[in-house]
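Two complexes follow with chain A in common, the first pairing it with chain B and the second with chain C.
The block that comes next holds the complex of A and B.
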């Protein structure tokens, strides 16, 4: 009703009115059939609430807030909207509490990057809800640098979350001093390769050199704006991991040598012990050798070979027979 | 020669008076380190997968074949490790295995395609691990008689501890040196198996090959016979051993399923990432406790090892089947409780599964027996996890996969119950030729240790 009377005034003045801008004037809401439309609603539980809205392109966005007044307040409350902390004209509405609940709803035309920001619906001074409209963020890449080796190739990747909208295209930049320099595959096709696949992008960097270390930026280009994220690349030589490796190999060699030496020392000691034991054993009279053999010894005459002395032959035969038996 | 009274062997484990401690504890420490560098390392490779997927631009499934190949190679080459240890010197075999394991990872750091990783991280390192694990376990088992299960439990607790320490360590290595540098350093770490192998005392070759030669026949036949005796292929003709192997195979189908699917199941039941990770960590802690407690308790000698193994296996199967049930009521405490109990039982049964082997196959055939059982159980591992994954995809949740895994463990217990003389209070007598060989090699060993 207030809006209608304001427009009538304008017409009456014939357009010569000096419109003082108190707060911001937003374009009148004319639903454009070509634009997307979306609705976001919030039911306020406490005093305030914040919601993040990803806006990839121009759209008509309807924001609704519902607030339940606690306590028995039968007063009217003034509901209004703010953008980035500043009042929006024509947004003040007096609301009556019905069943302790009040609703605020407004459709905003988001047409360019300036339309993005923080929209707040206010219920007097009692409660508010913030909607942060922004270009969709790129998923957090790890803050640790990506490490690779000289001569090797590396893949740098950026992606937006599956639930978020898809960017129009992806761009990559290299840090050049304080500037960002765009990477084009046309200039150096053997070095860089960009593979875009909808919600993800990969930059392949080949033939790495130490100069390739530094910051790389990936940019997700949406109709309404660009989101940028950065990755750090660190190029090292093979000597870096070689140092701990050689240390470990040395440690292994030292351990093995120590163990083998220790064992040789032990076995020498036991050999000395054995030798001394043997000496003690040999010092005893050879009682065992004088034992008569367990079996009957064949008389020397039965053998084919002639022997000079029968006795020794018999003894020999008996001992060999004994050995054969055991 | 000491006279071995027949009555003395009818003790639990069927052993004559044997070594128990002394240098054996040093070997336990060596096995502790080796096991962590074999299985602990395998479990920590998950950190590399993300890097491989991004670098080689392959699917997660193709990357996961790397560790499957490694595990399969370790189990497949176990009989080879056992046979070589029987034929030559265990120490040399283990040291060679350690070199191969390290070499595989060092080569892998230079990989330019996925096939290289299959061949190096999978095949070469797997071969090395196969040459290390079975011989070392058999050596430790031979060094103990009464404290065997506890010694093994103590050594195997390294797997759980390694998972704790290796995951953050590997993450750090990958972040600092990228996967190439990290693999190089892991290769160096794997070389630490070599000093562990050096700690094994050389023993003189047993006289068994001489006996085989004495039977005569063609030279080819002699070599084959010798190889067969090194591999202990005669075990495959004995029903107790086959029954036991079948039981272990069933066990392996279900055993690994919770390790693989517990996190996914917890997330599916609605718990957060941290809650799910905590459940797995808690199960890991009770796993370690279970190994130690079961080891100590088994060595008290109150019960037969096979009975204890059956009890722990049945309980573990029961708790696996209960896992999805506990989340049916949406209770986090229930899930944690069942996981803790499962972890304890799963840890408790592992060392017993090894120490039962001498009661089934005889002490001096342990080396070959362990090798063969590893080979046969490898197909169970290949079957179990994909089967449970398939069940999950078909039915939509993990209820079916966990229940099936639990029932495989119960089936394993029932199979164990069919072992001869299961229900008697003492261990059964060993088959006759095994008995004679055991006697002769026991006395050989006693002479050799002087």
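The block that comes next holds the complex of A and C.
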């Protein structure tokens, strides 16, 4: 997103001269042997196709398109190239179908950021393939803010994918109003530390304060241009998580107290029950001795008096055994 | 290797040395080994809920912390393997503290141990949130946290045995469901905490959340041991003079145990002569090498086959969901009168099905194949987890379970820790996941078959032992009581 706006800026400044011409003049290439060369090919299956090409530095890029005409009887097709939607001069070619296939191939000299953009190979109005040439962009970073604490330190990281080329260097910027201010370790070595390691970069920020909250930008600098991505930092105090923590501790204390009080209440009730039932038991000794507390493999019917009321359970069971007997 | 006859002779000789063999097809008889009749309901269900929470935190908490690892790794500028040590330390402490936990439970009961465990994990997390070095995290989260979780796990398992006998497989199955449910809840919660508070704040809040284990502990009321059975004198005879029940809260048994040797009371080494215990131990040690590896590598394998990241994570969700529903179901099935007497076979089947599942995994093609594999794997995994401790209780009896599980966990520490790295090494060496799946499949199928065979002999042996006992003791308690009642009727 950032790079798009920067590109627009550059194009607006540099492309000012171009608005007068109808099309863009890209002279046919004299391959510069010192430059890298690469080839990208596309075989069009349907009506259109898009391919993204990472261009880290100036290079000679050959783009090839192959199209299979499906059942169309037209023998001749006009093939041509577009850059950013505008015709490229001298690119129109009349192609003859060979085995229902046509090929378009052209080598482009990508020398600076202006050369980047969307290159399209067109087969008349039938089909097209787009090649989006751009500076390799930075891997998706968190869209949610990175959270850290006052007085603590934090590490912000950016990296490009392993498969992509390595940037020449990395730069970090801090949002300052609408501008971006570059972070240099020279100015404040205790505060900022930048560790670049090829395809990744890390910014260490120490002694955080509330003012450090905001947007940070990491820029991957390639020969041909710069890719930028941003990270948000949020600095909070320890009191923020402390509030839910205290709430939960209170909840636990309340629950534990309630459970233990409930248990104490139950055991007092059953002690009273036991005492009264002991009197009953003493009143009729022969009956109780005849039936031992039966092993009841069914769960006790009264669930509320499950535990402390041992004697009452035994008496209940003996009464049920008596019932079974009779 | 020994053939089956020699194996039988060995076990026969062990039996003659007078060790306990709890007949597992007489559940009511084993209940009398406890010295009282467990409630099998009532407050027991509250205890099941409490165990659900404790077991859930014990198993799910270490797994859910991995969400923070990336940020902590960057913060301390360390490598991935260094941060992974936190998980390993936590798991190792949790398993190593097993015997300590058992001893404490035997001595003080489940409730105080769980409450102390909850406080330990909580303070460990709070301390860790102020950590300045990675070693700080190893010690706090790893060691102290691991110990605290062990103090949650063992008592939670043990107390179910004291509250349930007839419905014990169901209770165990329900309690073990805590693990996937808590994991399912913690995973998005941890993500939310991380987004809002970073890792330090999240550790602080997690420290608070884990205090709910203390709530679970407060629910773990000691079971009422006063309901004695008249037949309790008989089980003490069959137990043998040198096998005191570990549970010394019942008054008569306590008097006996105080006369016993101190060491013997703490670490019941005689368990190693227990046939069922040995079968369980040997089979489990081998099985655990291949148990957790496939879980860890499910998502990476999917990505390797070209599945995108979200669909790979979805596979894990399917696995966890199936696991969640299978556990109580198997608990219920294990409780039925057809399965309960021969529940060891169900466990053997569960282990074997894991093995078969992994062996067939490399045949799974495409995402649909992987989904089918995830479903069957979830089912098998849930089956094993649900029955894992129930079968141990079934073999050694509820009163020795606490000691047994302590010994088992510390011995299982090795395979549990080594399993995933070894699986990873297999993947790295061959560059292909299928050899790891074959290895894990074999590592689970062989113990499964081992269990089938050994338990077949064990059941036969137990049946013979029962027949050799005097007839009155052979009948189930209920039958005996009915006999007595009939006799009383006849007399009147």
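Basically, the second predicted complex is superposed on the first by the 247 of 326 C-alpha atoms of A that agree within 3 Å, B and C clash if a C-alpha of one lies under 4 Å from a C-alpha of the other, contacts with A are read in each partner's own complex, and residues count from 1 in each chain.
Just so it is clear, contacts are C-beta pairs under 8 Å (C-beta built on N, C-alpha and C of every residue); 3 or more make two chains touch, one makes a residue touch a chain.
Not measured: the values here are computed from a predicted model.
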Query - chain B versus chain C as contact partner of A:261, first or second or both or neither - result: neither
Report task. Compare chain B and chain C by how many residues of chain A each one touches, and report the one with more. Result -> C
Report task. Give one of first, second, both or neither to describe whether A:37 is in contact with chain B, with chain C, with both, or with none. Result -> neither
Query raised in the report: Regarding the shared-chain residue A:272, is it in contact with chain B (first), chain C (second), both, or neither?
Result: neither
Report summary line: Where chain B and chain C land on the same part of chain A: residues 144, 147-149, 152, 154-155, 157, 236, 238, 240-242, 244-245, 248-249, 252, 255-256, 259-260, 263
Query raised in the report: Quick one: in the complex, what on chain A touches chain B?
Result: 144, 147-149, 152, 154-155, 157, 236, 238, 240-242, 244-245, 248-249, 251-252, 255-256, 259-260, 263, 274
Query - Partner chain A, residues of chain B touching it in the complex - result: 54-55, 57, 95, 175-178, 180-182, 184-185, 187-189, 191-192, 194-195, 198-199, 201, 450
Requested in this report: Using the touch definition up top, name the residues of chain A that touch chain C in the complex.
Outcome: 144, 146-149, 152-155, 157, 202, 236, 238, 240-242, 244-249, 252, 255-256, 259-260, 263, 290, 292-297, 299-300, 303-304, 306-308, 310-311, 313-314, 321, 324-325
Query raised in the report: Which residues, counting only chain C, touch chain A once they are in their complex?
Result: 28, 31-32, 37, 39-44, 74-75, 77, 166-167, 195-198, 200-202, 204-205, 207-209, 211-212, 214-215, 218-219, 221, 223-224, 226-231, 477-478, 481, 484-485, 488-489
